[in-house]
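Please find the structures below.
After this come two complexes, each holding subunit A, first together with subunit B and then together with subunit C.
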Partner chain A sequence: MALFATALLALTISAALSLVFSKKPAWSAFAGAGGNVLAAALGLAALAFAGAKPHLNLPWAVPGGQLHIALDPLSAVFLAPMFVLCACGALYGVSYGGLNRRTGTGFLLYNLLTASMAVVFTARNAMLFLAAWEIMALCSFLLVVTDYENPETRNAGWVYLVATHIGTAFIIALFALAWHKCGSTEFADFPKAFAALPFAAVALLSVTGFGAKAGFFPFHVWLPKAHPAAPSHVSAVMSGIMIKTGIYGIIRMISFCPPPPFWFGGLLASIGIISGVGGVLFALAQRDIKRSLAYSSVENIGIIALGLGMGWMGAASGRTDIAFIGFAGALLHVINHAFFKGLLFFGAGAVYHATGIRDMDRLGGLRRFMPVTALTFLAGSAAIAALPPFNGFISEFLIYSGAFKAVIAGRGAGFGGLAVILGLSLTGGLAAACFTRVFGIIFLGEPRAKLAVEHGEPPLMVGPMVALSALCLFMGLAPQFAARLVTEPALMLSGAPYADLPSRLQPVGLLGCAVVLLSLALWFFRKRLLAGRAVASAPTWGCGYSAPAASMQYTASSFAQPLVDFFGIGTAKKIEEPHGLFPSHAMFRSETPDIAKSRFYRPLFENIEQRMSSLRVIQHGNIHAYILYIAAALVALLVWTLK
Partner chain B sequence: MNYFELLAVIVILCDVALCAASRLRAMIRAAAVQGAALGLLAFIKPVTWEIVLLSAATIAIKAVLFPWLLNIAREKSKADEPAPYVGYNFSFAICAAMFGVSVWLSHRLDVATTLMAGAFFTVLAGFFVIVSRKSAFSQAIGYLVLEGGVYAFGMAMPNEAPALVELGLLLDVFMAVFIMGIMVYHISREFEHADMAKIAFLSDLEDYD
Partner chain C sequence: MTAIADFAAALLLAPLLPGVINRVKAFFAGRRGQSVFQLYYDLRKLLAKGAVYSSASGFVFRLGPVASLAALLAALAVMPAGGHGSLASFDGDIILFAYLLALSRFVTVLAALDTGSSFEGMGASREVFFSALAEPAFFLSLAVLAKKAGAFSFNLIFLSANPVTGTPLLLVLAALFIVFLAENCRIPFDDPNTHLELTMIHEVMVLDHSGPDFALISYGAALKMWLLGAVVVRLALPFGGGTGGAQSPALFLAGIFALAIATGIVESCMARLRLLKVPALLLSASMLAFAAFMVS
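Now for the complex of A and B:
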């Protein structure tokens, strides 16, 4: 625990140092990124050499609060990818953000965000948890609005701030209920409290409260706003690991409950299917790379929820083996998604850094200018589309295999398993289409607009991308190591082990090795075949066009059009068709607004605003009247307590 | 009527004078006299050197320093009217009502001394001056008096309130009035008046009016 505490200390000290040096950006970048990498090393060491029951309990002046943190296997599943991704992001951020007057505050907030997430994952006291949760929300909000001169960025930050606090309100309600029942804010006493509360209340409060952070489908609206607005290393951390605090919260709270009934697993699985399919469909329809990646995070959160739902459905119907596989798959996907989504956001950031463009319809052919970025982005795309030999395949394979077991078992779980298989395969297929599109449009073909590729590929940005893609490949080829990490928490949740998971997964990793070997063999075969023959490169067949132009290529919108039209997710199109024999002007424009936002939140909030606008009369800007309100309230309270 | 009762009555009378004063100079004077009375009231507690310090600091700040500073600022900005929202006669009536409420409150607290009633009355009077006068100076004076009420409350409590807390409060009000003074000075220099009602146009609320 000393190591872990030192890591937290390193983060806070380096955060303070980078602020102190903010007049010297190079120093504060060194302090900030160095501190974060050091903390990651210390934190990973703390996880590797954790003692029997490592915990730290110090008194705290806050009423009902205790500085109580503890490491357990469930925390470790979230902490391990967090430390790796945050350290990569810190290094990447040095190059991405550049050295300027915002470097100091940027690293202050980034390192505080890292530290607060580490506390969220380890807190064992409700007050400490909430404090860390709030620091995390505020730091990430301030990081999202780094580019605050842009009104769109401010709007995105505002949406995020509101969304996260609505979630927090539900979490506070949950903790207050627990405190009311057991009179304690220690997590150790929560099982007592939750046993006395109706399960539905605990479940719904935690799914809503933590789901807002995780980005479950109707609560996801802040993701596609905040992620494109934030700097890319911040989007990577927020999308890769911060939204997982929501998943962690749900698992932690439900683990304090008596065994959940079947409907809870069904609820999570349904949320998972809706988030998965909905997220990937909207990802397909977006033209902004980072917004597309943000929707894809909704999809992956959906896959995690699907795994968790299957786990709780299995547990409720007495099939601990299905439960174990479901939980293990979900937790493994937490780790995997952190790595490949971080990698993809880094790649998108590198593209934006080099070209200043996020609109895919204007990009193209970047592989020639940014070969390493293209290669690592391809690895990330393959991983997120769950293709072997990358890590995404392993976790989705686990969830599939659990679902097939459930189908074979029949009964209630069988229906659930069937739904999981259908949802997951639809999601997976669409995700493959989505990332074929993202990679193909950005890196292949010709630029669709005039591109000025400027900064190239700075080593501090390439390094983290290469490291993460190597990690994705390694975890795909040798899944037994990550499997070891998730075995214990999955065991804790399901109640009984299914089998030795690492050794069961080894053959799956070998399958990945076979894919790699096969590709290598084919490559060598091609090389041999072509050896000694003349090889010339020429433009591809031009479909008979005499003067092919870059604008004739498929764009991101046209690639997605058949799928988007088929599912009818409300893409608004504006078309001015060409007329006459010699048409002069024509245009086409498509945009896909978020259904949840336009059909649910906007009417809701507009309605509330209308109803509340009559209260505006008390808010008229007169200072005297405001003080009068305070005075009247104080006197009223005095009279009320003394009467 | 002992010595402390007399001081408590002075505090109360100063509040009345404050609410009824139609000149800023008179308000400042009332606040200064009240500050001196409050400073002497500190000896109601067992005399330690902390109490002596508290008394000296209170008199120095509330009876000398602030009135002096406020007078300088007042002369600079050439303002001498509190510019009330409610008339002076009506203010007087409200004053009487507030005193009634204060006496009732002190009875409910089971510490029905003159000083306790005076403490409540002083807090309310401070609030009233802040709310009902437009001039920024009266806001500063009102805040000063309000804090004096809190101080008197501490003195009126039968058990021993730590002198350290009182000193902390004093420091707090010192900072607040100091900042307010600077602000008022700048505002009056920029806008040629220190009328808080007109300054509301600086608000970033679009449709406050």
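Now for the complex of A and C:
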């Protein structure tokens, strides 16, 4: 625990130092990134060499609060990817953000965000948890609005700030209810409180409150706005780790409850299907790379929810093995998604850094200018499409396995399992479509517009991407190591072990190795065949058309058009057709607004605004009247306490 | 040992399947048709040639054919594509099988996009669209088999003492046959005879491949047909349950070539569906599998 506390200390001190040196950006970048990497090393060491029940409990002046943090397997499974990704992001951020007057505040906020997430994952006291949660929300908000000069960025920040606080309100309500029942804010006393509360209340408050942070459909509306606006290393950390605090919160709260009934697992699985399919469909329809990646985070959160749902459905039907596999798959996906989504956001950031463009339809052929970025982005795309031999497949394999076991078990769990299989397979096929599109359109073929590729590939940006893609491949080829990471927490949640998970995953890893080796063998086979023969280079065959141009290539929009039209997710098209014999002007434009935003939130908030407008009479800017309100409120309170 | 023999037989005999289909189509058209060994001749010729690469393409284009075939070979290791068991078998190999096919598709689509041709982009877009709809149908069918056999490994499913029979069998077979036709790009989904039409899918994605690369792709396509055909055949024919059942390679070979003949007959008697109708047929495969799940 001393190591962990030192890591937190390193983060806060380096945060302070980077602010102090903000007049000398190079120093503050060195302090900030160095502190973050040091903290990651210390933190990972703390996880590796954690004692039996490491915890730290200090008094705190806040009423009802205690500085109580503890490490357990569930915390560790979230902390490990957090330290890795945050350290990678800090290094990447040095090059991405450049050295300027914002470097100091940037690293101050970034390291505070890292520290607050570390506390969120370890807090054992409701007040401390909420304090860290709020610091996390505010730091990430301020990081999102780094480019505050842009009105769109300000709007994104505003939406994020509102969404996260609506979620926090539900969490506060949950903690207040618990405090009311047991008179304590210590998490250790929560089981008593939750036993006295109806399960449905606890479940719905947690799923709504934490789900807003996690980005469950339809609480996801802030994600596609905030992620494109934020600097890329911040998007990577927000998408890879910060939204997982929502998942962590749900798991932690439900672990304080008596065993949840079957419907709760079903609820999470339904949320998973809606988020998974909805997220990936909207990801397919986007032209902005980072917005597409943000929607794909909604999809992956859905996959995690599917795994958790499978786990709780299994547990409720008395099948601890199904529960174990479901939880193990969900938790492994938490780790995997942190790595490949971090990698993909870094790649998207590198593209933006080099070209200044985020619109896929104007990119293309970047493979030539950024070969390392292209290769790592390819690894990330294969991993996120759950293809062997990468890590994304391992976690989905576990969730599928749980679902197939449930189908075999039959009864209620059987239909749950079938729904999970259906959701996963549909999401899987669509994710493959989505990421062949993102990678193919950006990096392959020819540039669609005149591109000015600058800056090349700075080593501090390439290094983290290479490291993360190596991790993705390693965890796919040797899944037995990945399985060890999640065995303990899954055991904690399911209550009973499932024999020998690592050795059951070994054949999957071996076949993954076989694919890699066979590819290499075939590659060299072809090389030997072609040695000494005529190997020519010619323009792509235009089927007889002799003047092909780069602008004739398929674009991201045309690639996605059949799928987007088939699923009817409300793409608005604006077409001006060419007229006459020598048409001078024609245009086509398509845009896919978020269905939850346009059909649900906007009418809702407009309605609320209309109803509340009558209250505007009391808000008229007259300061005397406001003082009168305060006095009246005080008198009312006095009367109420005297009564 | 028998599994190795099956593996080798699949590798050797797979290129016969397109030959048989073409022969059947020729028969229906009243032609004599090409030799059933035509694909072997083609492969030998292609492997002896040099190559032309598009100047727009790069590493990914060269990776496509190799990685695609590698994935299919790995998939063959878990599929009992013969009269006996498979080379490797473990809980969940059915999931790995499906995703190895997805990997093969993924790299093929990317190789197509790497040429920058709008034709190939069109094929790639359709390929991902239709496979995204075929995937649920395939997995739902697997769920039916797993439920009945009480296991989710191909070996245990196909050697189960409690095989799928009756109405559920017919429904699942129909669903799997549709998936077989869709994944192998046969009529009514795609016409393997057309190379330059706006409706084609698979053939257009490989327009720019030549020489050894095209040999790997053509061979991979035949192997994929053998793999998915094996699912249908192992299910349709009575291989006997348990370990004492009749495990006859001859029966399997008869089955898989009968399937090729059936495919040829379908292609001779049907036209390609309009592109807009294809999703409906794929959805109906999912519905059939779901119905099978309900009645089994």
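Here is the rule we use: the second predicted complex is superposed on the first by the 631 of 643 C-alpha atoms of A that agree within 3 Å, B and C clash if a C-alpha of one lies under 4 Å from a C-alpha of the other, contacts with A are read in each partner's own complex, and residues count from 1 in each chain.
Just so we're on the same page, contacts are C-beta pairs under 8 Å (C-beta built on N, C-alpha and C of every residue); 3 or more make two chains touch, one makes a residue touch a chain.
Predicted model only: the values in this text are computed from it and were never measured.
Q: Quick one: classify A:P198 as touching subunit B (first), subunit C (second), both or neither.
A: neither
Q: Look at A:G183 in the shared chain and tell me whether it touches subunit B only, subunit C only, both, or neither; answer first, second, both or neither.
A: So A:G183 meets neither subunit B nor subunit C here.
Q: Once the shared chain is lined up, is A:A534 touching subunit B (first), subunit C (second), both, or neither of them?
A: In the superposition, A:A534 contacts subunit C only.
Q: Of the two partner chains, subunit B (first) and subunit C (second), which one does A:K405 touch, if any: first, second, both, or neither?
A: Second partner only, subunit C.
Q: Should A:P459 be classified as contacting the first partner (subunit B), the second (subunit C), both, or neither?
A: The answer is neither, since A:P459 touches no partner chain.
Q: Who touches more of subunit A, subunit B or subunit C?
A: Higher number of touched subunit A residues: C.
Q: Identify the partner contact of A:H620: answer first if only subunit B is touched, second if only subunit C is, both if each is, neither if none is.
A: A:H620 sits against subunit B, while subunit C stays out of touch.
Q: In the overlay, answer first, second, both or neither for which of subunit B and subunit C A:A631 touches.
A: In the superposed model, A:A631 contacts subunit B only, not subunit C.
Q: Please work out whether A:P578 is in contact with subunit B alone, subunit C alone, both, or neither, and reply first, second, both or neither.
A: neither
Q: Can you list the residues of subunit A that meet both subunit B and subunit C?
A: none
Q: Of all residues in subunit A, which touch subunit C in the complex?
A: Those residues of subunit A that touch subunit C are 364-365, 367-368, 371, 375, 378, 382, 385-388, 393, 397, 400-401, 404-405, 407-408, 410, 414, 417-418, 421-422, 424-426, 428-430, 432-433, 436-437, 439-441, 443-446, 504, 507-508, 510-511, 514-516, 518-519, 521-523, 526, 529-530, 533-543, 548, 550, 552-554, 558-563, 566.
Q: Show me the residue ranges of subunit A that touch subunit B in the complex, using the header's touch definition.
A: Spelled out, the residues of subunit A in touch with subunit B are 616, 619-625, 627-628, 631, 634-635, 638-639, 642-643.
Q: What does subunit B use to touch subunit A in their complex?
A: 85, 101, 105, 108-109, 124, 127-128, 130-132, 134, 196-197, 199-201, 203, 205, 207-209
Q: Please give the residue numbers of subunit C that touch subunit A in the complex, ascending.
A: On the subunit C side, the touching residues are 47, 49-60, 62-63, 65-67, 69-71, 73-74, 77-78, 88, 90-96, 98-100, 102-103, 105-106, 109-110, 113-122, 124-126, 128-129, 131-136, 138-140, 142-143, 146-147, 150-152, 196, 207-208, 211-213, 216, 279, 293.
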